[in-house]
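Have a look at the structure below, then the notes.
Letters A, B, C and D mark the chains in the order given here, with residues in each chain numbered from 1 onward.
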Amino acid sequence: MSSTVRRVGVLGARGKVGTEVCRAVEQAEDLELVAAIDAEDDIAALVERGAEAVVDFTHPDVVMDNLEFCVDHGIHAVVGTTGFDDTRLARLESWLAEAPATGVLIAPNFSIGAVLMMRFAAEAARFYESVEIVELHHPDKADAPSGTARRTAELVAAARREAGLGPAPDATSTALEGARGADVDGVPVHALRIRGMVAHQEVVLGGVGETLTIRHDSMDRASFTPGVLASLRAISGRPGLTVGLEKLLDLG
Amino acid sequence: MSSTVRRVGVLGARGKVGTEVCRAVEQAEDLELVAAIDAEDDIAALVERGAEAVVDFTHPDVVMDNLEFCVDHGIHAVVGTTGFDDTRLARLESWLAEAPATGVLIAPNFSIGAVLMMRFAAEAARFYESVEIVELHHPDKADAPSGTARRTAELVAAARREAGLGPAPDATSTALEGARGADVDGVPVHALRIRGMVAHQEVVLGGVGETLTIRHDSMDRASFTPGVLASLRAISGRPGLTVGLEKLLDLG
Amino acid sequence: MSSTVRRVGVLGARGKVGTEVCRAVEQAEDLELVAAIDAEDDIAALVERGAEAVVDFTHPDVVMDNLEFCVDHGIHAVVGTTGFDDTRLARLESWLAEAPATGVLIAPNFSIGAVLMMRFAAEAARFYESVEIVELHHPDKADAPSGTARRTAELVAAARREAGLGPAPDATSTALEGARGADVDGVPVHALRIRGMVAHQEVVLGGVGETLTIRHDSMDRASFTPGVLASLRAISGRPGLTVGLEKLLDLG
Amino acid sequence: MSSTVRRVGVLGARGKVGTEVCRAVEQAEDLELVAAIDAEDDIAALVERGAEAVVDFTHPDVVMDNLEFCVDHGIHAVVGTTGFDDTRLARLESWLAEAPATGVLIAPNFSIGAVLMMRFAAEAARFYESVEIVELHHPDKADAPSGTARRTAELVAAARREAGLGPAPDATSTALEGARGADVDGVPVHALRIRGMVAHQEVVLGGVGETLTIRHDSMDRASFTPGVLASLRAISGRPGLTVGLEKLLDLG
């Protein structure tokens, strides 16, 4: 039986989000920050300092190496880094098969608002002919579309399939390349990069004569931290791979 | 076990709403319009043409006769006609007791978007410190705020009470009269009257660092048809009497 | 010296927009509808019936043939059909060089709201690091992005160049194809196709800590007709090629 | 002929706002921070280090001495310090009369977005039957509606009067108290107080079949820096006294 995590390491500790995570872990009475690691540091410090779990907000280029190290050493991981596709998830699952007590959470977004947006979008999807996603972020973001937008699209697409809905209507015959967005599982996703924005997403659903729009605005990085702390508290009880905060917190 | 409805009759087929319903049924790939009946036509045609369900947008004077005929013949009914009181509902239930496989839906409003907006707002309410409602309508509307906005505020207020939330934070000490909106059960509601608008509503919820906005735009009176079609698809799985679209669609 | 147009032909007369244009021309006291022509009709009727100007809301595939005919016969044209690029505009200008008294207006949008949106976007552009355009239309639209969106992007791009602004910041290094929209003169443009929408556009501008959004919602085709009528009244005084309602109406 | 400012000094350099200004000047490629001066420093450093312009966010007690020094030495000034009355402005003008090439800007607000929103709203007002204002702020704000919303309403009301427009249409006959907002010069203004919001405003204009919405979102206090930088770039071309950012940027 797993014990609750106490000793926490943070990867990407000097990034903008990582800094907030470090502060939040330090302020949490039931958690202890034992390792704050960034690009130039040796990840082996996690083992030396006895980290039981890590939080990873790094970069798609390095996150797989980080997670291989953690799973190898039985360290749980709560991951906000984006860029996970089926290939990456399959590799993670194969590593976890060798470490049955270790848990990894991949969550594209740690805010309750994002989780509600995704859940409402998926629930509404079966009632609407059309659905598209617009996400707006600051221009320093590396990936497009965001992990949250991709996840939302997948959930919406699954709900449409289950309801027997075919492709959304689209009579476009003349288009500039890229105008109709990225195709994620049949759902068009549009990514804006705008200075001044933080993290925002809109799911637009439409049927005859009416539309429903669900919008989430995250205006401060601090909005992620409650979801991260709750995940650290829950991860040891959830071995294997979990995708989505809603699954870990029984909100989905 | 009930099979899904395919053959549909429309009562009140040449009325404004009935005409839209006929068109929508004809365009739906999984449904077939087998009888378009109005005041001067014989309702018996429903049986001759094998209607499995009817849509009734007629008149309080004739709807009970229509429904008695339908229930007698095991034909499901989706009803938008008004004028149902407890006495009428009780009579309907007594007829349905004799026809246990037959379903009747009585719905005052077939806008799926409005139903979803209210439900999502109520569900999200417990997670947020603040919530306010903005509704926007054409300037010929007589009442402010709209009935939908008042109903949404009541549902949101009930959810907050159930979650043990107190009043939303508000440090306003100097205000012009009316600036903070109407108070509906503790929820501020703001009504705009703008030429060019049809019927629109936004529920704005907010917590530390993030907000969630649920918006419904009704741009055309034909917006009731998707709710009618969804009801036709669901009615055979819901024998007995159902009052309210949200109940039939498991959204209540 | 040109005389004011009285006798009007409509091309695409049985299309949705064309039907509204026919009605508006018939109701205007100073104009006469002499030819309502659609795909199956012979365009030569314009000459037989003495049309002095046409309104063309047809399709990118046929509009160039229509305009060649009109210019050849000295008939002014007010054109709402989309799909004009530099090649097409150059061809039009070469035809008009042979017909110095004839005027052609190419206008991606005939609503005053769209004109104001474009003008405000162009005026604000020099103050913001980032700018992108989102347009939302019904799913029966043939081209993406809309003519209005392309025109807005071009105006915004010109304003940025004039102000000496370089490319907008964008650190995207991993992207799904299409996620960042179409590139129109360096401005990303995103096109949504949603059942229930009519014609909507949002220009999003952002700088450090703040964003400015200019949104135009056209919810009824009738919103085009005042701009079309005003154009018919002005076109004979504006020989040659004019692009944009704002130019014709001195709003730009 | 004046040359564009390159070498910048900051007065009040270690205050909250001054610190942000220093950072912004340092990051701007076309500007150089040559002197960061606070209360204990000698203002003569401005001359030694060749400052061509200063930004002053200091205190009403010292700003006049600062400006006398700057004007004496031909240094342009961009001033966010408060406390200017007619007497002070007259003294400034008398100093500037002796230094005809030097420019001083006194601006109570450096948010370009707020200035643009107000100007566009006023400009569009004459084209629309209806206009209302919605402002959304954090719940710790003391006044409702905000000063910006009141000012916008006054500008819009003046533009409507000038265009000969009467009251906006409103058929409301049954209303809850406050539902239709506060009346500012005939323009309804609605104030929302939502946790997670910073400072946001939307001006909604509508006519037959279409609406135009101008929205400003201020998500960070650093949002004043682009206005300061734009002022530094414009000030050498605007000798004499200028009051208000909109005047300097030709937006008034």
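As a working rule, a contact is a pair of C-beta atoms (placed from the backbone, for glycine too) under 8 Å apart; a residue touches a chain by one contact, two chains touch by 3 or more.
Protein names from UniProt, one per chain: A, B, C, D = 4-hydroxy-tetrahydrodipicolinate reductase.
If you're wondering where the values come from, they're calculated on a predicted model, not measured in any experiment.
Within the contact network of the assembly, the step distance from chain B to chain C comes to 1.
Residues touching across the chain A-chain D interface largely coincide between the two copies, over half of the numbers being common to both. Centre-to-centre separation of chain B and chain D, using mean CA positions: 47 Å.
Measuring from the averaged C-alpha position of chain A to that of chain C gives a distance of 41 Å. Note: centroid distance chain A to chain B, computed from Cα atoms, is 35 Å.
With touch defined as above, residues shared between interfaces to two or more other chains in chain D number as follows: 196-197, 207-211, 217, 219-220, 223.
Residues of chain B touching chain A in their complex: 24, 111-113, 116-117, 120, 123-124, 127, 207-226, 230, 249.
Listing the residues of chain C that touch chain B in their complex gives 196-198, 217, 219-220, 223. Across the interface of their complex, chain D is touched by residues 128-132, 134, 136, 139-145, 168-184, 188-197, 204-211 of chain B.
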